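Note that the chains are named A, B, C, D, E and F in the order they appear, and that numbering of residues resets to 1 at the start of each chain.
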Amino acid sequence: METPRYPLADVGPLPEDIRARILAVQEKSGFVPNVFLVLARRPDEFRAFFAYHDALMEKAGGLTKAEREMIVVATSAANKCLYCVVAHGAILRIRAKNPRVDAQVATDYRHAEITPRQKAMLDFAMQVSQASHALEDADFAALAAHGFTDEDAWDIGAIAALFALSNRMAHLTGMRPNDEFHALGRAAPAK
Amino acid sequence: METPRYPLADVGPLPEDIRARILAVQEKSGFVPNVFLVLARRPDEFRAFFAYHDALMEKAGGLTKAEREMIVVATSAANKCLYCVVAHGAILRIRAKNPRVDAQVATDYRHAEITPRQKAMLDFAMQVSQASHALEDADFAALAAHGFTDEDAWDIGAIAALFALSNRMAHLTGMRPNDEFHALGRAAPAK
Amino acid sequence: METPRYPLADVGPLPEDIRARILAVQEKSGFVPNVFLVLARRPDEFRAFFAYHDALMEKAGGLTKAEREMIVVATSAANKCLYCVVAHGAILRIRAKNPRVDAQVATDYRHAEITPRQKAMLDFAMQVSQASHALEDADFAALAAHGFTDEDAWDIGAIAALFALSNRMAHLTGMRPNDEFHALGRAAPAK
Amino acid sequence: METPRYPLADVGPLPEDIRARILAVQEKSGFVPNVFLVLARRPDEFRAFFAYHDALMEKAGGLTKAEREMIVVATSAANKCLYCVVAHGAILRIRAKNPRVDAQVATDYRHAEITPRQKAMLDFAMQVSQASHALEDADFAALAAHGFTDEDAWDIGAIAALFALSNRMAHLTGMRPNDEFHALGRAAPAK
Amino acid sequence: METPRYPLADVGPLPEDIRARILAVQEKSGFVPNVFLVLARRPDEFRAFFAYHDALMEKAGGLTKAEREMIVVATSAANKCLYCVVAHGAILRIRAKNPRVDAQVATDYRHAEITPRQKAMLDFAMQVSQASHALEDADFAALAAHGFTDEDAWDIGAIAALFALSNRMAHLTGMRPNDEFHALGRAAPAK
Amino acid sequence: METPRYPLADVGPLPEDIRARILAVQEKSGFVPNVFLVLARRPDEFRAFFAYHDALMEKAGGLTKAEREMIVVATSAANKCLYCVVAHGAILRIRAKNPRVDAQVATDYRHAEITPRQKAMLDFAMQVSQASHALEDADFAALAAHGFTDEDAWDIGAIAALFALSNRMAHLTGMRPNDEFHALGRAAPAK
């Protein structure tokens, strides 16, 4: 595994708001995910990225947090983004309380242990991620048939769009997933 | 041309910072580009998007403003994003002072009236846009051979990544380019 | 923009029929489109090409002249043919009396300011252009549903086929669009 | 095998020049290849097509007639054109005096019983046929390394371009290869 | 046509069971197809391959032997496998008593002289061969609509899967079709 | 996750050799991987498949057992085969004594924690798996540059070829990975 092309930021000299966010995530997770240290080299981009991330991933709405992570994992796997598949795969295992679902969604979401509604959600997300110009009314109708509103459609598509950006930044910067992610969320709850 | 799926925001009731930005662009351009009115429906996403945009498109650095617009036009055309090709094509015509270059870059940048250095820049941007997982050292070396630094590489790749997001949002929301864009920058300066 | 690989023909020594055609187009347009000067190097191919062109583009039938140009622009853009997109984009703007429609059709005809009937026409043309082996009865039925006859289907498909040839000849010969094309048909008529 | 979509022309009432050409080919071959009867429904297109065909396939130059047929077979197979592969496969067997080479060139020309020079010729032809926008100087240089001139390059590319048209017309019209083609040129000469 | 990368086995020193099989095929056909001599270098793989082959190609069931060969030819052509297209094309001509059907199925099975039921069989086989992850209930239903059972579906899919392996082994080893194959089954029976 | 299309075999009535193999794997692993119970419905295919598998995966030679599993995981992920990625991912974690490497290899082997020699091995395997017709001498030379022999090349390619078959059979039969696989090999050894 090669060295990242851009050095990870030292936390010490970072602007206060960025440093605070990084320390908070470290306290919560026990480690600092590399995406923070890669993007912190450019504070304005860091702030914009996480503002966008929070606006889509932390908001209220018709999607559960596990479902949002499914979108990230499915589209990032299609884009072969190692960082996002490993990091968000871990979060997905935790949020879905299922130690198998991330590998399933990453490899072939159509045969994963998910609901038909979630499969429809991922069909839409993959269309946005892989060929958004071909989106058509039928894609929105397929979502609506599972009870998703037009605002949900925006959420699904916008998450796919944000990780289209994020996957490319990870590849551009040679971002490596922290080893810690692999071990998270592996304990299987009772089914 | 169909109706946009999501209604354009009314400027009146928008949060003050967003309203101010929109009024400023209207004053400068004589019209409000639809991207502002589509995204304003969701203020947090609006703010994050334009913060990201400004961080990459308005910053100092090794790329001219015309070159940044070339990246937008080339990658948006590959993604068949009508809004971005038309809107940024207009800005490119103005910034490059060349009424032909946008159509050239959109159709086939390899045969456009641009410098070899700009062609190398677009080769890199297209790799990030269309298959970022396959980026390799040779892609960075090809940039370096034209004098681009690693920070320039980040700029090029990050612009391609941001418009990967932007193109998908335009398709998702059915964003229409304002008619005004088509007429801008058409007067040919002396060559 | 590189030098064309094959020198443009001198009009003087050309065979009389070819010279006459070139002088006629120059008188009408004010300049000689490069396709004439590139192909004139080989008189038999020149005559065959323009005979084919006239048989499809100048004939009577169910398609307007603007519609024929839409087919050329849409399929040439899919093939990344700079010459054809720019030259026929200009003719399309003039014939459709719409200074925006060429960029729309070139970038993403499915979201262009065209009628549903024209969209069906372009769907068929793109099928012929990009994957003709997969044409099936349903494609003809989709045309018929918009009132196109089987002879119209032949016209649409044959124009797409002719420009499959033309686009490849333009790429092979390094054909450059004349600068004059960019300025034609830009004045917006009242809508 | 379905009925052709467009009826074959009756030879009797055809314009004299077209009728004469068809009768000549019948006398020479013992049957009328369907391409003549399909295209004869539209005399102007018939004349233009065969004028183009003769200009490229019957001319003098650096390519043998067998080599021109190789180009037709390789590119038509890539386009899944049954008519052209079967009809020109037969002609190739005859002209190359080799009853195996058509199937080889159609399936995988890179492993066919052809010379390295012919393989380079087909590499170039396939580039024109399948992705002409990506032609570059290196493609011409690869031809030149085998002794092909720029005029030969034009011949090779133009044949690939003409059959890009021809394959699409065959698919559009549902053209069926005559059964007679399958039996031609099967006798193996001494090796 | 280049030399195979791996030398053909000498029959003399081969294990007795393998030698016996090879001599039997030679007696029956008059020559030893190269697949036997290439794979015999590795006796365990030879035995496994032909055991798999016989289990699928020689068994009773809902498919005729000609139909099984159609599957081999169609999928091998899609994979550009010269050995399998030529060798199994010959067997298909013989088993189908049709000297044209192999070239048709190899070039474009959708327009071949086969029944609608056989076309449905090949649609399914091609789905397994080219994108098996996207198989869905509708694909099985399309087979069932033509009277195929789920066991027939297994047969069709398994033959496509076995030749996915076989095509790759032929490419890996540079396997050449014996010249004898080209001449087999060419005599046209009365139609 | 849907029901498998073909019922799992009951072990009791199976032929003795198959029953014995299944009981042996159950004793060793604590569960019966579903591939055994799916294929056992057809004893001849079962025997051929596992004979092929053992001939390639259990043999001596230049590849470690972990490396063979890497080939399976990388190519199966490219084919979106959930069963093979999950089952062989578990075996890979165990054999490589690395709980992270399977997810890395499945998502983007080019950025996995593997040696340059292993990356070259996977480049070759992916070429065989995804486009074997385009294999060329340079691919073998790239292997040789890392010390792989031509027999190693056969091993690498043949494993990729066998799992081309296996992935298709898993998709055809709707094979589900046993839940037990997800938990295996997760304990991280000291690095």
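As a convention for this text, a residue touches a chain if its C-beta (ideal position, glycine included) is under 8 Å from a C-beta of that chain, and two chains touch if they have at least 3 such contacts.
Being a predicted model, the structure only gives us computed values, none of them experimental.
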Chain F against chain A, contact positions shared by both copies (same if over half, else different): same
Farthest-lying chain, centroid of Cα atoms versus that of chain C: F
Chain A onto chain E, rotation angle from CA fit, given as a multiple of 5 degrees: 120
Gap in Å, rounded to a whole number, between the CA centres of chain E and chain D: 28
Whole-Å separation of chain centres (CA-atom averages), chain C against chain D: 24
Shared-contact residues (touching 2 or more other chains) in chain A: 80-81, 108, 133
Residues on chain D engaged by chain C in the complex (per definition of touch): 5-6, 42, 44-45, 47-49, 51-52, 54-56, 59, 79-81, 128-129, 132-133, 135, 140, 150, 153-154, 157-158, 160-162, 164-169, 171-173
Residues of chain D that touch chain E when the two form their complex: 1-2, 77, 80-82, 85-86, 89, 99-100, 103-104, 106-108, 111-114, 174, 176, 179, 182-183, 186, 188
